[in-house]
Each structure stands twice: as structure tokens, then as C-alpha cells.
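Next come two complexes built around chain A: one with chain B, the other with chain C.
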Partner chain A sequence: MDYGIDVKEQEAVVQLKGRLTFNDHAKLRALIREMLQNKAKRQVLDLSALEFVDSAGIGMLLIAREEMANVDKQLVLRAATGQVKRVLTVAQLNKIVAIED
Partner chain B sequence: MALASPFTGSLHGLDVPPDRVRRIATMLGLPEEGLAAGDGRVVALLGDAEAAADSAHWARPFAAWIEAGPLDDAAVAAQVARAAQADLYACLTTATANQLHLAGRIVHAIDSHRPLTESQRDDIELVLHEAISNAVVHGNLQVEGMKGLSVDALDRFSSALAARMADPAFAARRVEVSCWLAPQGELLVEVADEGSGFVPQNRADAATDASGRGLDLITAIARQVELLDNGRRIRIRFAL
Partner chain C sequence: MTAGPADGALRLPIRDCHVLVVDDTDFNRTLIGAILEEAGFTDIGYAKDGFEALEKIAQRTPDLLILDIMMPGMDGFEVCRRLRADHAYADLPVLVQTALSSSDDRNRAFAAGTTDLISKPLDRAELLARVRIHLENRVLIRSLQTYRARVEGELAMAHSMYEHLLPSAALRDGLECSSGVAVRSHTVLSSDMGGDLWGVLRLAEGRFGVFLLDMAGRGVSAALNAFRMHTLIHELSDLAEDPAAFLTELNDRAVRLLELGEHAAVLYGVVDAAAGRFRYAGAAGTAPLLLLPGGAPVLGDAAGLPVGVAADTRYEARELPFAAGATLMLYSNAVLDALNASAHESLEPLVRQALDSAAGDRFAAVTEALERALGEAPSDDHTLVWLDRTGGAS
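Take a look at the complex of A and B:
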């Protein structure tokens, strides 16, 4: 998985690319650190270029959500398609995380 | 010594010395090498993960993939005989299975034998990936899942996984995937590991842990799921 961050006034948009699986623990760790450091209240993960996510990837997104909540920031998942959208639905993540089209 | 084998295809070495492929073929009474021999089923003998990186090697006529590297010839021959029991068969070390993204490779191979729709490919890849990840992480590497939802849990998981993946005693354990394509449109897959097994538990706190969702995802998508051999083997059925 690769990512790029665009920090604006109100929100930070993180573009995730490729595959997000249990092998990406170090990348997710670094990403969470960057999201904690920037000033935006809304941390949006743009999933439109993410091709594949697994259950551990879902778990890491929940860790990111929890870490943001701890510092009063909101995590939003945006624009999932294909396999990623399917997994978010099957895992019923909309009950726990804000999801936008 | 010729082993009794119902396997009637041929062997093809990928980064395995030709004289070694010849020796193993002789043990099994098979044609030496050649993609058009026998009944068309070809067993790929892999030297390592790099040797099988090309996706062309994960489609017809290939039907089995055995990592020969660290095994002796008799053990490889026994694996080839085992491959005959399934329509598609892979037996790789934990490190190689992980490096190759084995689930995607197997789906590519299934698709070449029985064309799948995009959503079938997505669902089968996810289920296979979850089953293989469980075999790799919790089975063979014996790494515990992420407890709680903190970056500390992520850090503990990271360091445990890296340490076990770097330890040949764990990383050389095998993952075995067998697939059967029934004519009535059912796909049966088994994934087995060499770990210490596990007993599935109803975890009341499942929603508050970062790990533990894999088996639930598999159950939600597959038609039927069975755990065998004390949790070392999972048998999954899909409707196609």
C-alpha cells in the first residue's frame, strides 16, 4: 500500500493506493502518526485507488479511527469501489466508521 | 525406485536444476519435462518465490505448484503424488506463499480452468486470502492477533510478525492449498497449515479488537465452511 496526504484547512485527504493487508502494518503505523500530527479535524481516507483490503486491513482502519477519536478527530472512509466496497459492506463497517460515497 | 502415482501429467522446473527435475520424474515414472506431455496437467516445481512471479505460470496447463527448494527429492515426489488428488494444488513455504500473494495466484489459475465473473474473482480471492493469511500468521508463524484498537497492538503485531517471518523454523513451514472444481458449479477449497491448531471461540469483545474478523468474513461469503484437523485445515465451498 502507498499513500499521499493533502492537508487543507478543514480536512486532510489521504489517498490510499494498491493493497491494504496484514503486511502493511508498518505503513499504517506511519500513516496514523502523520494523521495525528496534522491539524485538520476531519481525516478522510480516499479509497478510490485502493484495489484490495483484507480483515486485518479493516482492523487497522479501526485502530486509525480509535486513535483519531482519542484526540477528538474524525475518520471518514470515502469512495470505496469494487472489492473494497464489498468488504466494508460484509464487515458492516458503516456501524462503526463514517463512510461516504 | 518408482513410486506408485496416479499422476499422469508432466513436471516443469522453474529455477530448479533440470537434472533434479529429471530425477524426480524418473522416481514417479513420468515424462521428463515438457508442457505438452501426458494429459496436459503440468506440475511446476519452484526453486523459490522469484521463480514463480510470472502470472503465465499460474494458468493452464499448470495445475500444481510445489516449492521444491528446501525438500529432498523423495519429499518432492510425494508432494507431486499428493497433487494428483486435487484439480489444483499448491504446497509452498510460508514465506513464499506470503511473498507471492498466493490467493490471487490461485484465483488466476481457477479462472483459467473455469472462467469466473469479476465479483466471483473478488469474493474467492478475499476468502482464500483470509484462509491463507490465517494459515500463515496464526497457524505457521504462531503470531497472535491484534488485541484492542491501539497503535501499541499494531506495534506488537508488527514486531512479532517480522521476527517470526525472519525465523526459518517458522517461515519454512508449509501452506497447502487444494481445489476441486465440481462439474455442477461448486468450488471446494482446502487450506492447511503446520501450526499447533486452534479452537474457534465466541468472543464477546470481537468488535473491540483489531483482529479476529477473517473467519467471520469467510463464513459470510462462502456457502459452507468446516474446520478440520484441530483447526489446521479449513474446507470451504463456493457456489459458482
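Take a look at the complex of A and C:
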């Protein structure tokens, strides 16, 4: 998994690319640190270029959500497609995370 | 690893290593032995020719062989070749002392299996430096091998413990007698434990509960969490008749038990053959696939928040008809992940095709089709549970 961050005034948009799996734990930890450091209230994960997420990846997204909530930031999952969208739907993450098309 | 200080104080325990010095000249053996002893080596053996060297090695494998090339009878080249031909000595370091200076001769020594060369006349510092390098490598490799063997052994033990958790053949036979449903399963475990688990809970009047659990993550933590979940599930047998209540309570307990980021996809359902139905609840589970005689497969719905994420999550019960002649197929997330498409797009056509062409055993036909599609060495566990009401072996 690779990512790039674009911090705007209102929101920070993180573009995730590739596959988010068990092996990306350290990388996602680093990303969460960056998201905690920037000023934006809304931290948007743009999933449009993410091809695959496994159960451990979902776990990491939930960790990100919790870490943002702890500092009064909001995590938004945006534009998931394909397998990623299916997994988010089956796991009904919309019940606890803001999900946008 | 940094080199030790000049006095020879070493960080790796190499001074107790056994070094065998092979030389036909008494003076050379004595000289090498004296240099090594002075440097603190305590376990030095000697052989005066190739035959004696092989004999001593057979009695006790040294950690390092210091070998002369020019010896009467059997020379150093031949000793090397014989050692390398024997698998037991394939990685024994052999330090060859040679007066041969042409590159052809040196290459000949390496071709015979020499690890390293040291030129004659011997230089004390060079000899000690080379001895240390090869012994340190030996000790490091040995400790890695020991560690690796231990990890492999422990994973094998975990696999076997895991297999004991799965329903036994006797349990499944008993279940078939009381419920009329044949239960079969197919599991392919990944080498590092993926955290899949399934099982049954026997209920009254021929009913039984069946669960399929897929712990997020992999490796030891996923396996340990799967074991913990197994314990929780069996503690909840009082709620086992009611899938929604069962998952709701399982979730509340799992939330208290699991760390943030750990969760499980769970499907739990009650098979009621007498009433002809399968009542189930899903927590990010995979949709059960109902196979009907002569009809198109029907996909259920097991969507729901994973177990262990949020306290007070409510799960809803759903129902599929499960009359005589039908088959229910439950499978783990990894199956869909590997097929990389929705169940509707991937699994359903695959199963339908396998059944269309199946002459005999339908379960075997589906299993084989899945194995072909998924490959033999999965990166995550695959589980398939097959609940069959077709009666007989059709």
C-alpha cells in the first residue's frame, strides 16, 4: 500500500493506493501519526485507487477511526470501489464510520 | 556483528568451538595449535593425514576444519570432496592452508568445496581473523537454525491443537444421526495460521448450531484470538437457539476481550431440519449459499459489523429455507478474497459449474473446483462447511 496526503484548510485527503493488508501495519501506523499531526478536522481516506483490503486492513481503518476520534477529528472513507466497497458493505462499517461515495 | 577488541575478547561464544587441525607436519600442527590456544580456544583436535581427519570427523563433527592441501596418502582436495559429498558435512566450514599461489590452484581448492583459503607460511593475525569469521558464522547460523526449528515446531503444534478444536468425525456422524444433515468440511490452513475456525453446538430435538469464524489478521495473535473466541462461543450455549441474541452477546464479550483493531467475521446459524430452515445471523460474514435440487443457487446475507468492534451492536436474524434435498454451503472470507469478486459474481458460477459437471460426490467436486481456483498454498486459511440434506452420497 502507498499513500499521498493533500492537506487543505477544511480537510486532509489521503489517497491510498494498492492493497491494504496485514503487511501494511507499520505503514498505516505512520500514516495515522501524520493524520494526527496536521490541522484539518476532517481526515478523508480516498479509497478510489485502493484495490484490495483484508480483515486486518479493516482493523487498521478502525484503529485510525478511534485515533481520530480521540483528538476530535473525523475519519471519512471516500469513494471505495470493487472489493473494498464490498468488504465495507458486508462489515456495515457505515454504522460507525462516515462513508461517502 | 562488530569485531572484538585486539585482545580477542569475543561477543559470540566461539572459544568453546571444536577446531580440527589437519596437517602432516608435526611442526605445523603444533604451531597452529599454539596460536589458537594462545587466543583462548580450548577444544582443538589434530589429525596427521586425510584418513585420520575423516575418521575423527566421523567420531565428532568439528565446528571448523583447518586443512593442509599437500599431504601424503589422501590430500586436502580429496578430504574436501568426500566431506561435501556427505550431506551431514555440507556446511562444515573448511579453511584450507595452501602454499599454492596460482589462481588455478586456488580455484581448484574452491571447486573441491573449500570455504576459505589461508596462505602459507601462516600469519598469526590472518589465521585468527579467518578462524573467528568462520566460527562466528557457524555459531550464528546454528542459532538461527535452532530458532527456526523451534518456530516451525511451535506452529506445527498450534496447527494440531487447532485441528483438535474442529468437530471430529464421530461428532459429525452423531449429528447426522440426530438431525439427518450430513456435515462435511474442507480446510486449507495457511502456514502461518490465518485464524479461521468452525464448529457445531448440539441443540434439542435434532437441531444444531453451526458457526464459522474468521479472525482478522494472521499469525500467532490471530490463532490465539481464534482460540479465545472458541471458548467464548462454547460459554454461550444457553443462547445457541437464537442466532441474533447469540451474536449480540458474543460481540459484547468480544469487545471486552479484544484489542482495538482485532475483530472477527462470524456467521452463526441454527440448522432445523424438521422445520426445514436455517436461521442465522452474520457479523461481516460471508453469505451462505443454498443449493437447491434443479434450481439456481440462492445467496443469503451475512452483513453486519464484525464481532469485537463496537459494544451494544445489535445483530438481526435471517432465514433461508433448508428442506430435504437442499445443501447449504458456508465458506470463509479468504475464499472470496482469493477469488477477488463478490460471491454472486465468482463463487456462485464456480459452484454451479462444478455441480453441473459432477458425476458423483458433489462436495468433492466443489472442493476440487475451489482448490483449482485458489491454488495450493493459500496466504490465508480457507474453510468450506457443507451441510447436506440430499440424503445418501449423491
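Simple rule for what comes next: the second predicted complex is superposed on the first by the 101 of 101 C-alpha atoms of A that agree within 3 Å, B and C clash if a C-alpha of one lies under 4 Å from a C-alpha of the other, contacts with A are read in each partner's own complex, and residues count from 1 in each chain.
Please note the rule applied: a residue touches a chain if its C-beta (ideal position, glycine included) is under 8 Å from a C-beta of that chain, and two chains touch if they have at least 3 such contacts.
From a predicted model like this one, the values you see are computed outputs, not experimental measurements.
Once chain A of one complex is fitted onto chain A of the other, the partner contacts of A:96 extend to both chain B and chain C. By the touch criterion stated above, A:56 is placed in contact with chain B and with chain C alike. Once chain A of one complex is fitted onto chain A of the other, the partner contacts of A:22 extend to both chain B and chain C. Look at A:1: by the touch rule set out above, it reaches neither chain B nor chain C.
Of the two partner chains placed by superposition, only chain B is touched by A:32; chain C is not.
Annotation for chain A, partner touching more residues between chain B and chain C: B. Look at A:40: by the touch rule set out above, it reaches neither chain B nor chain C. Contact with both chain B and chain C is seen for A:66 once the two complexes are overlaid on the shared chain. Contacts of A:80 after superposition on the shared chain: neither chain B nor chain C is touched. Annotation: chain A residues 22, 52, 54-56, 58-60, 62-63, 66, 83, 86, 90-91, 96 touch chain B in one complex and chain C in the other.
Residues 19, 21-23, 25-26, 28-29, 32, 52, 54-56, 58-60, 62-63, 65-67, 82-83, 86-87, 90-91, 96 of chain A are the ones touching chain B in the complex.
Within the complex formed with chain A, the chain C residues making contact are 214-218, 260-263, 265, 284-286, 302-306, 309-310, 313, 333, 337, 340-342, 380. Residues of chain A that touch chain C in their complex: 22, 52, 54-56, 58-60, 62-63, 66, 83, 86, 89-93, 95-96. Chain contact summary for the complex, chain B toward chain A: residues 98, 101, 118-119, 122-123, 125-126, 129-130, 133, 137, 146, 149-151, 153-155, 157-158, 161, 207, 209-214, 216-217, 220-221.
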